[in-house]
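Shared between the two complexes below is subunit A, which pairs with subunit B and subunit C, respectively.
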Partner chain A sequence: MALSLSLQSGKRASPVRNALVKGWWDRLPLLPALVVVLCVTQLPFIITLYYSLQRWNLVSTSAPRFVWFRNFLNAFNDAVFLKAVFNTAVMTGSIVIASVFFGGLLAAGLNREFRGRTLARTLAITPFFIMPVAAALFWKTGIFDPTFGILGWITDAVGIGRFNWISQYPRLTIILLTTWQWSAFALLILLAGMQSFPTEVAEAAAVDGASRFYTFRRLMLPHLRPFIELTALLTAMYVLENFAAIAILTNGGPAYATTNLSYYVYLEAFSAFDLGRASAFGMIALAFAIALTVPMLRVVSGIFKEGGRA
Partner chain B sequence: MSLRRTSHLDTLLTALTWIGTFVMFAPIGWMILTSFKTEQDAVSYPPKLFFTPTLEHYQRIFENDFAAFLTVSVLVTLTSTAIVIVLAVPAAFALTVRPIPKWRDVLFFFISTKMMPIAAGIVPIYLVARAFDLLNTSTVLIIVYVSMNLPLAIWMIRSFMVEIPRDVFDAVEVDGAGRFREMTQIIVPLIKPGLASTALLCGIFAWNEFFLAVNLTTTVSTLPVFLQKFLSFGQLYTAQVAAVATLINVPVVAAGWLAQKSLTRGLTFGAVK
Partner chain C sequence: MEWVVLLLGRGVAAIGTSDNSVGFLGEVIYMPTTLSRLARAGAHVSTLALSIAFGLFAAQPGHAEEVTLTVALAANPQMQTAAKLIDNFYTKHPDIKVKFQTLPENQLRPTVLKDVATNSGQFDIVMIGAYEVPLWAEKGWITNLSQEYVVNDKEWNADDLIKPIRDLVSFNGDMYATPFYGSSSFIFYRKDLFEKAGLTMPEQPTWDQIAEFAAKLDDDSTNTAGICLRGIPGWGQSLAPLTTVINTFGGRWFDENWEPQLSAPKTKEAINFYVNLLKEHGQPDAAKDGWQECLQLFTQGKAAMWYDDTVFAGPVLDQASPEVKDNVGFALAPIKEKPGSGWLWAWGLAIPKTSKHQDAAWELISWLTSEEYIKLAGEKAGWGTVPPGSRKSTYMLPEYQKATSTYAELTLKAISDADPLKPTVDPVPYTGVQYVTIPEFEQIGDFTSQQLAGAISGQMSADEAIAASEEKIREIMTDAGYIK
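This part shows the complex of A and B:
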């Protein structure tokens, strides 16, 4: 109602006014989505920044008070926090590298003509859809479990005995499980990248007597570079927030060995009820994410420009 | 001679590819197989490949409050996805078909929100939800999932709109009032398959989401939270876990397979087709 009124008055008003109204009329379809995203995803960060400057523990009786950057300074004297940063780096790094490597290998295998290829592709990408909590729960009981898990049976059968994977190699179990899911993702994107490789180029190279390995190394890999970068950055972003696997497999333990930044924020906020500290950790996690986002956006816009789609 | 060697190499590569595929699918296959075993068969040593299948565990799933969590999951997934599509189509329209000034900045703003860790915003989200008495409701999950999926949906839908030949809408003379018709009667029918894949992908993310669900809800919650409760039973029942996990994943795996063709595009914000 108010809108149609303003439009009518716009018709009678000056051309400047008219253009202004038209401008907003054009933006109107965008506004609901923009407002929702701003309010729910951006506003919290600003509030978190404000909280992070306060000493605010829900269990303590003292009222929240402003302490400037003390939470941040304390963070860097907190051994657990530093461990969480280290864990985040190690786990994210190895998951990204392993996923791109295995996903890429499998994509190269699937990027060939053979019978049952569509079926193989469909089966190979399925791990990505599996609910992370469900995957973690089944891996814990059916695969990693020292007495009942299939992995224990396999290691026993090859003669190296049984391990209690989750308590002996907690970080490795998280990495294995997450890599399994994210290699499927890497496979999807890298395969798409390989399929966008112009076939004429490959054929021309074959006619010139180039070996398959040479064609792959010298022509395919350079073509794939932006795709590999994109896959690595996207995987890093999502794995940085790895939560389900940690919460189900190890609860961040033993002795914080598998606690990453997201999980530490969760522990501080919802177990220790220290909202000030949790907010400061959240801000630091945000800083890491931004450091990844900047190169990421550059890669995405590069791919767009190349494809002439932006 | 050299041809022969190539075909040997091909056979080898194909075999390796199948082995790789097997490794990827084996945990899922093993889970499905385990779900049909009795608890004794599931933990037998050595593991059994052949056994008398039982549906016991599937029948037992509904004994506890599974149905309540399932209802919330379905409600939250469907509602949030529907809202996402309704908001994303006009937004993508304003950024593609009739682009506003600085549309590129807006697009990149959307993508950048998707990259921020949700952990950095969880404290205020929790406190605001508590202030509005929304903790432990499906409403709060719908709100956060809408904003979580919107940027992705806008980018994906945009990538479908970009492909519509320009003369389709250059032919239509558009004034303000005609826009809504142009959008609903010309554009939406043209990108219907794209909208379907977008909805499927958003649905998968909403169905699987755990961090927000576990922090904002407890008893009125989605299936990942239900599954987490299995942990507190102490003794875990392998076959029972397998049955629940299998059942819960049927919709998402089906959705993923259906959306396969446009999946890459959605996951890379339309950068890769």
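This part shows the complex of A and C:
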């Protein structure tokens, strides 16, 4: 009723007001969806911000109280938090680089014609479609375990004994497992990139006597650049919140060697039940994630423009 | 990160729907529910749909003769059996319907805690561990069963419950949960390997003997570890066996003034003993292993001994490879100074204060923990999977004795010998055998077990791990106001 009234009155109003009403009238069908999106994304965000300013431990006997930014200040005095930041940086960085590298190698191999290529391609992308928890369980017992694992069996057969992989190199095992999953994803995008490389260009280069390495370095790589950027961005965004591998392989240990930010937020929220601190950590983690992804998004956004970057 | 935000958001929405929302919070919270209702309704676009939607929300069932109970359960085999046998409950109580919500153990705890702590009243019955019962009772989150029901329900026969287990689910002498099953810890060992090495396992071994056996049975040529012990971080993982070692060595977590005692000589000795035993003769890569991995190693014949929960006796005999199966022996938890060193754990069924169907909830939990139910589960689902350790009468049943002859007696003895009210040699201000019954213990335990895993993996020495943990514990305890 109110709406139709305003519409009627809008007819006699100034053209500017008329346009405004028309604009919102056009947007009307979109509004419900927008409200839903705001409710499920922005509202929890604001509430988390509110929590992060409180001292609120679910199991403690004292009632929640407002402490301003103490949770944030405490975070930077917390040795484990700083370690988690460091771990997140190391693990995310190496997983992204390694995934792009190995994904690129696999893509280069699969970009050639050979028998059984379809089968090889399917097998190569399979790791990405295995559920993270299942993959982590398999790697834990089937590969890293010194008693039951393949690695233990191989190193023993070679004569260098069995290694305690997860205890000795905890970060490396997480990086290996996650890289294994995400290089399949890199392969998927990079292969598409390579296949969109125009064959005429390759042929022309060959006619001009360019070596294969030269063709790759000077023609293929520049062509692939946006694809590599996109892969790195997406991988970084997902690997930042790596959780399953850590929870299954090490529980964040030993001595927090593999605890990343999201696992530490989980520990604070569901082991210490300190919702105030957990919210503050979540906020900081979010700030890091935005600081990392926004510049990358700006770089990558070029590829979404028509024609891409020359 | 996003999921935490979402989860917390959901928690808030939950508070909003309860009548117990507090001041400003209440206002903030009321908004999202209204907005989301609007949003959901708005998705239908037309005003007609909108009014119908509001109509639906407004139409609450006015008269409910039939009661539906929502039960939060841990996903373990005993509880799954219970869900299967529920039809027998329906025939007795046609007016009660039961909705089971089964969750993995580590998700059950946060889900239920969030529900109860925020008064959202989603559950009528919750399955909680022995650690939570006294803490939640103290906070007034769960119903006092002794006063409300147990005194009037002679048929349920509370005197039949095994005493330490009954103490475990009580607070100030009153029961706040009914024990669904109880367990202690003991040693699993391979009789054939002991015989081959010319060793005999006494019924009550000492830790020194265990260390000696482990050294002799540790065999690199067949990849068999001397002993399997938990090493993975988590207060419910590696700290459980470690704390029983600390207790029997004469150590303790805190003195009477809540001063942390990890670096006291006896506690230090116990921690060093655990770490060294595991490093020298334990399973390889121990810092990643919990009970799951040890169960696998032991049943596949890759460990000569295993110190863990009595409840795994059934699964071990069930899953062991043929050459292991006939050679599994059991012995009491090893001791040093203090006898009766096994731990004590129980899963209890409690009724949150917020439940609107308290009487119906009691009908269900008393049935699930009755003698009648135990007999029924034995007959219908097999005697090996009966919930153990809760009632003395279970151990008198001839069928149960026959099915569990190798370990039932030891389990009962281990449970009866444990004393959660006096777990240590020196006096302590806390209760609980393999944990300390204070809300801060999860945090303390998780931190300490992380450092312990660091020591087991060789990244730091046991003494360094102790020093780091003690500093953190003192910080937490000062912050929480225990240390003035």
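The working rule: the second predicted complex is superposed on the first by the 266 of 310 C-alpha atoms of A that agree within 3 Å, B and C clash if a C-alpha of one lies under 4 Å from a C-alpha of the other, contacts with A are read in each partner's own complex, and residues count from 1 in each chain.
Here is the rule we use: a contact is a pair of C-beta atoms (placed from the backbone, for glycine too) under 8 Å apart; a residue touches a chain by one contact, two chains touch by 3 or more.
All figures in this text were calculated on a predicted structure; none of them were measured in a lab.
Enquirer: Thinking of the overlay built on chain A, is A:A289 touched by subunit B (first), by subunit C (second), by both, or by neither?
Expert: After superposition on chain A, A:A289 lies in contact with both partners, subunit B and subunit C.
Enquirer: For A:P44, using the defined touch cut-off, is the partner it touches subunit B, subunit C, both, or neither? Pick first, second, both or neither.
Expert: both
Enquirer: Go through the superposed model and pick first if A:S301 touches only subunit B, second if only subunit C, both, or neither.
Expert: First partner only, subunit B.
Enquirer: Check whether A:L58 is in contact with subunit B, with subunit C, with both or with neither, and answer first, second, both or neither.
Expert: second
Enquirer: One more residue to check, A:V90. First (subunit B), second (subunit C), both or neither?
Expert: A:V90 contacts neither subunit B nor subunit C.
Enquirer: Does the superposition put A:L82 against subunit B (first), subunit C (second), both, or neither?
Expert: neither
Enquirer: Have a look at where A:W180 lands relative to subunit B and subunit C in the superposition and call it first, second, both or neither.
Expert: A:W180: touches subunit B, not subunit C.
Enquirer: Under the stated touch criterion, which partner chain does A:A19 make contact with: subunit B (first), subunit C (second), both, or neither?
Expert: Touch status of A:A19: no partner.
Enquirer: Decide which partner touches more residues of subunit A, taking subunit B and subunit C as the two options.
Expert: Touching more residues of subunit A than the other partner does is B.
Enquirer: Once the shared chain is lined up, is A:A278 touching subunit B (first), subunit C (second), both, or neither of them?
Expert: both
Enquirer: Starting from the residues of subunit A touching subunit B, keep only those that also touch subunit C in the other complex, and list them.
Expert: The answer is residues 29, 32-33, 36, 39-40, 43-45, 47-48, 51, 140-141, 145, 147-148, 240-241, 261-262, 265-266, 269-270, 275, 278-279, 282, 285-286, 289 of subunit A.
Enquirer: Taking the complex as given, what residues does subunit A use to touch subunit C?
Expert: Its residues touching subunit C are 29, 31-33, 35-36, 39-40, 43-45, 47-48, 50-51, 57-61, 80, 140-141, 144-148, 162, 164-168, 170, 240-241, 249-257, 261-262, 265-267, 269-275, 278-279, 282, 285-286, 289.
Enquirer: Name, in rising order, each residue of subunit C that touches subunit A in their complex.
Expert: These residues of subunit C touch subunit A: 1-2, 4-9, 11-12, 28, 32, 35-36, 38-40, 42-43, 45, 109-110, 113-114, 117, 135, 139, 223, 225, 232-235, 237, 283-288, 293, 296-297, 300, 302, 439-440, 442-443, 446-447, 449-451, 453-454, 456-460, 465, 480.
Enquirer: If we count contacts the way the header does, which residues on subunit A are in touch with subunit B in the complex?
Expert: 7, 22-23, 25-30, 32-34, 36-37, 39-45, 47-48, 51, 102, 105-106, 109-110, 112, 114, 120, 122-135, 137-143, 145, 147-148, 150, 153, 157, 180, 183-185, 188-189, 192-193, 196, 227, 230, 234, 237, 240-241, 243-244, 247-248, 261-262, 265-266, 269-270, 275, 278-279, 281-283, 285-286, 288-290, 292-293, 296-297, 300-301, 303-304, 307, 309-310
Enquirer: For a test of understanding, state which residues of subunit B touch subunit A in their complex under the given definition.
Expert: 10, 13-14, 16-18, 20-21, 24-25, 27-28, 30-31, 34, 42-43, 45-47, 87-88, 90-91, 93-95, 98, 100-101, 104, 106, 108, 110-113, 115-128, 143-144, 146-148, 150-151, 154, 159, 162, 176, 179, 183, 204, 207-208, 210-211, 214-215, 223-224, 227-228, 230-231, 236-238, 241-242, 244-245, 248-249, 252-253, 255-257, 260, 263-264, 267-273
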